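Let me begin by handing over the structure; questions about it come next.
The letters A, B, C, D and E name the chains in turn, as written, and every chain counts its residues from 1.
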Amino acid sequence: MARGVSPIHQRADYIETAPTGPAPHLHVVDPVPSHAQQKPRLSLDGVTVNFGARAVSAVQDVSLTIGAGEFVALLGPSGCGKSTLLNVMAGFCTPVQGRVLLDGEPLTGPSAKCGVVFQKHSLFPWMTALDNVAFGPRRLGLTNARQIAQDLLDIVGLAHVANEWPASLSGGMQQRVGIARALATRPPVLLMDEPFGALDAQTRSLMQEELLSIWDKLRPTVVFVTHDIEEAIFLADRVVVMQTYPGRIAREFAIDIPRPRSAEVLNDHAFIERRREITDVIRVEARKTFR
Amino acid sequence: MARGVSPIHQRADYIETAPTGPAPHLHVVDPVPSHAQQKPRLSLDGVTVNFGARAVSAVQDVSLTIGAGEFVALLGPSGCGKSTLLNVMAGFCTPVQGRVLLDGEPLTGPSAKCGVVFQKHSLFPWMTALDNVAFGPRRLGLTNARQIAQDLLDIVGLAHVANEWPASLSGGMQQRVGIARALATRPPVLLMDEPFGALDAQTRSLMQEELLSIWDKLRPTVVFVTHDIEEAIFLADRVVVMQTYPGRIAREFAIDIPRPRSAEVLNDHAFIERRREITDVIRVEARKTFR
Amino acid sequence: MTVALQSLRKFKGVAVAITLGAIGLSLFAGIWTWASAHLGNDVLLPSPLSVLSTYAELIADGSLAKDIGASIFRVFAGFSIASTIAVPLALVLAYSRILRGLVMPLIALIRPIPPIAWIPLAILWMGLGDPPSYFITSIAAFFPIFLNAFAGGTSLQQEHVNAARSLGAGPFALLTKVMLPSALPMIVTGLRIGLGQAWMAVVTAELIAAQSGLGYMIQISRLSLETSRVLVGMTVIGLLGAVMIGSLGVLERRFIVPWNYPR
Amino acid sequence: MTVALQSLRKFKGVAVAITLGAIGLSLFAGIWTWASAHLGNDVLLPSPLSVLSTYAELIADGSLAKDIGASIFRVFAGFSIASTIAVPLALVLAYSRILRGLVMPLIALIRPIPPIAWIPLAILWMGLGDPPSYFITSIAAFFPIFLNAFAGGTSLQQEHVNAARSLGAGPFALLTKVMLPSALPMIVTGLRIGLGQAWMAVVTAELIAAQSGLGYMIQISRLSLETSRVLVGMTVIGLLGAVMIGSLGVLERRFIVPWNYPR
Amino acid sequence: EDAKIRIGYPSGMNGQVPVVLEKAGIAQKHQLTAEFTGFQYGPPMMEGLVSGQLDAVVTSFLPPLTLSAKAPGSVKFVATLGQSSHALLVPKDSSAKSLIDLKSKKIGVSVGSESHLDLILALKDAKLDAKTDVELVNLQPNELPAALEKGLVDAALIRQPQVLRLEESLGAKKIQSWPFRFTSIVRTEYLNSNPDAVKRYVEALKDAVLYIATNPDQAATWFAESQRLDAAVVKKLESENPLYAAKSRDDIKIEIDDGFKKLLAERLAAAIDNGLVKSKIDPASLTQ
């Protein structure tokens, strides 16, 4: 019964079902070389977010520039404002100070340009897994929305539950459907909030490889929130470490481990070196906030 | 405002508030040397568990012997039966085949000898954090139950929320209260079901060190379920890897990394070697069941 | 094999439930028979048998069917009026803080007034015959429908709105694909409770100038001290009420909000 | 400072709510005044002012206080009877599958029978005076209390039982420290709804041989076409009902199940 | 030792005698420990009698006849308490002068009541068919005033004291009126076990009638209070009852005599003929 996941490079169909010319609704991603770009896709400038009457800002004076096709991991302890920052990038929440530019233009609200994978259950409970994934393509008026959804479910290893309601899927399965849903519109920017948080270690590492392989094909700009240090290093071109009370950027680390990366890199010297550095920074932060 | 955690060895009070003679209700733990013991505290013999009319057993023919004072980690993919096996050890669920011996006697039901930390929220929502922790000591008729509870909350870094309802604590805080509650009766056996699952990586690593330090003082027998390979290696004397459909033991690994262990061992050669071995076993299993 | 086993278990479960239910009802009928024999007064408490024969009589002369039909029509009329007003009103109030602040205190004050206390005004305002009885049944159905639909409207999760917007949903798709389905489970719950309340209120409604219906039948039979007819009326109300509520529950689980009841 | 800010916000929120509510009620009174002036018929719809003067009259001669007292007493009597029976019965049924199977179908059948349909039997069985009116109010309160307490009883989580047992709890501690508190939130919800239903049923109950109470007052005023007294009765019922339900809600949040409403 | 008796009375003018019986403390004088219960509607009172919660009630003809049809021999008439009236009222601006003018109009009436029987008989006299020539609308006594006021019916058959109230407040016009006779019945079981108490009860009723005749103001005040009515209205209506004209106790005849038995037999026959009472009853079984 168990189905393996066919790696994406064996699946020309996922690519080929997309329209060949630049469809009016689809945002075509520029073909970019394999590493971080200079041309900024997303830039934050002195962003501050407050919640209600709280004395401390959730996010304070954060500036960050992310190139097209870059893979950035956002790392930090619970409550440091990672989700809040991602919400700002997605246009769900307007900063009280500072501004956000997407492709050089000020962000005014959520758009189909940014695919979002949410931290908490955000699947529509009233749609089957398939309809959830097909939701985006249908909004874009694509006629093959169903086919696109089916293919994506196949990629995340969930073709067999296409017609189930979200409530009957496990937490990990739900999160994988959420990833498929975000990918379905092939957004140039992917904002992922602890997408693998509900997965067990094994499925998690498979999904990490799958994500890298998708990223390699489509080269979206990715902002990936996590609190797993190894995951951040394994996936990203750049790791941004946040600190808490108020939430701001503590340090950034460039990850120069060559791609493509496989599970083997976990034991590489460069990897362990990076991990040691980041762990040191983070332990200092964590000691302050453990309460 | 942030409070650090004082390591347990600076807290003679936690030990000293316990009665000096063997109190009638308290199960006194034999003083044992620092490593795994031959004398079995808990032994499973051919245990099989079925759920309802399911065709596949949740746990099939598992035999396992755990010495007094030993620290065993149970590792395996989601759904492989880790929680079920722990429930059997706790006496919450009776196997259809096989038997369970605790200190050489057949287990008939839950007892105060086994402290349990549950995977899902199991705090009593109608009691404050303090009363939750004091619940066990009060059942044993200890007059200083309140003090014991206060001290334990202090150890898990939650003294400041002693009078809050569980509903107003974050998931991670709730899980820490759950750990304190299980420790409060000082049970000779501690069964922990993914106790750090809801914690962020930083708090998690602090809690791991805290657990090791408590274990070092009291030397309970610990069965620790996790799906984090590093956590298992870091904590345990022995790692038992389970496989799925049906749930059974795939392999066992003795972890010979010397104690006391600190976060530094994560970068040790022996640690990385063990991780590579276990990862290999587990990836084979995971491939089978990823669906 | 597993499926067969499971459906066997399910079947066995249903059989056990039916058996137990039948035993329970028979016990009840037994106690009733004993009590009525003990009292020996058909006006006070007729035996189940004499109630059954009254059933046969009323079914044979067709009057029971007519009364049931009349009552059911009144219930559905009032229920439809109530839901047509309550659901949109609740959703509008759920989305407008100001309207909510204006209207909710009024609703809190009007809610505890029982349908029966509305009869005088209903007659004065709507006259006789069916309009006031629709008014009474719809007043009864209104509040559960309204309050549940309101809860449904306010329970919309910001995450779902965010997700839909970032997937390119416009205002229309947001309304029809997100807001409505998100409120639907609570709306349906409200409709189920409201239907039950309307059904209970029809007896009250038929105090007003009605010439048919189960409530009317009970009133008339009281005047002539035909207790066994009163009991026929009451048991029919119980039976039909249970069937109505039950079938709306099944509809709900199977067709209206199946996602809330996976498998 | 944060605390001060928060309580300021809270205070502002309450002030806004009160203002909006007052505006809403004034608007309502305005429409009412206009409508009654437009109709120009005090029997059909007296103006709010004339209702207020009737209030003054009935308060001055002490009859309103007496009627309110009589009705409240009936409500609490019926409510107490209902809760004394419903809560233990529901908990017992929640723990015994067999009893549940026996009794639940009966309850499903009896539930839809409205309080008013019980009047004939209530008199035949309980006689006159107050007992049948207690019966009517308790029938009305019984089902919400029972059904909620039952849900509370069945919602006990196995994990909580397991946790308690592994912490050394015996049967007594299990009952008092785990099972009861675990069912309590639902029980209290049931009590709140049941109190509302009992209050709504008191008008029905006072159709029986009562010579006092708000329901009696409404009936008597109908005979003499004193619509403004009818409206006094209805508005008092609305007001007191809202106050009762509201204060039980506050009690619930503050004292009975505070853990369900952290902060 | 005093005998216990539980007395029920309705909210119409026939309630005045029991109210005075209670307030003036007359029952005690006749060695009766009496309990009184007032009713807004007929049905609960008769249900109370059937279930043995009441021993005696003050009522009219039809309710005891209905009861006797269901439970033969269960009650006996023991006194006749004079009369008030009920009347067919039309709104102020109605052109109807008599029953004939109401042909093919709506008439509100409480089905199954004394009024219903009188209306049917009057329609027969006027050569109108109760089924085809007029539309009878069944309304509870509580609803009749509102229905007339709102013009929902063209005429309504209403009892005192509402007749007077509607004439005064709405200008409603009487186009025909009938005597509304008061009776008292007791449960046969009670009669058999307490024959003396019933005798004393009848004597007490006589004293109460005498009290009303001699103290009309006090009697009106008591009754008005109990029914939340205007005392002046009650006082005015007292004059409708010939019994209250009595000067001395000897003028008062309330016992069951042959004249009453004849009237009873006539009412019974009419009720059976017109389908208001469903089974045959021997009139002799209704009295001692």
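One rule holds for everything that comes next: a contact is a pair of C-beta atoms (placed from the backbone, for glycine too) under 8 Å apart; a residue touches a chain by one contact, two chains touch by 3 or more.
Just so we're clear, the structure is a prediction, and the values are computed from it rather than from any experiment.
Visitor: Could you find the two chains linked by the most C-beta contact pairs?
Guide: C-D
Visitor: If you average the Cα atoms per chain, which one ends up farthest from chain A?
Guide: Most remote chain from chain A, centroid-wise, comes out as E.
Visitor: Nearest whole angstrom, what separates the Cα centre of chain A from the Cα centre of chain C?
Guide: Distance between chain centres: 48 Å.
Visitor: Just the number, please: Cα centre separation of chain C and chain D in whole Å.
Guide: The separation of the two C-alpha centroids amounts to 19 Å.
Visitor: Cα centroid separation between chain C and chain E, in whole Å?
Guide: So the centroids are 40 Å from each other.
Visitor: Multi-chain contacts in chain C: which residues touch at least two other chains?
Guide: Residues 43-44, 120, 124, 207, 222 of chain C each touch two or more of the other chains.
Visitor: Residues of chain A that touch two or more other chains: which are they?
Guide: none
Visitor: Note the residues in chain E that touch 2 or more other chains, in rising order.
Guide: 43, 47, 50-51, 143, 146, 149-150
Visitor: Okay, in this complex, where on chain D does chain C touch?
Guide: Going by the criterion above, the answer is residues 16-17, 19-21, 23-25, 27-28, 43-45, 98, 101-106, 108-118, 120-121, 124-125, 196, 199-201, 203-204, 215, 218, 222, 227, 230-231, 233-235, 237-242, 244-246.
Visitor: Which positions of chain B touch chain D when the two form their complex?
Guide: Chain B residues touching chain D: 25, 87, 90-92, 109-112, 114-116, 118, 120-122, 124-127, 135-136, 139-140, 164-168, 181, 184-185.
Visitor: For the complex, give me every residue of chain C touching chain A.
Guide: Result: residues 157-160, 162-170, 173, 177-178, 181-182, 184, 257-260, 262-263 of chain C touch chain A.
Visitor: Chain E touches which residues of chain D in the complex?
Guide: Residue list for chain D touching chain E: 43-44, 63, 119-120, 123-125, 127-129, 207-211, 216, 219-220, 222-225.
Visitor: Show which residues of chain E lie in contact with chain D when the two form their complex.
Guide: 8, 11, 37-41, 43-45, 47-48, 50-51, 53-54, 141-143, 145-146, 149-150, 162, 165-166, 169-170, 226-229
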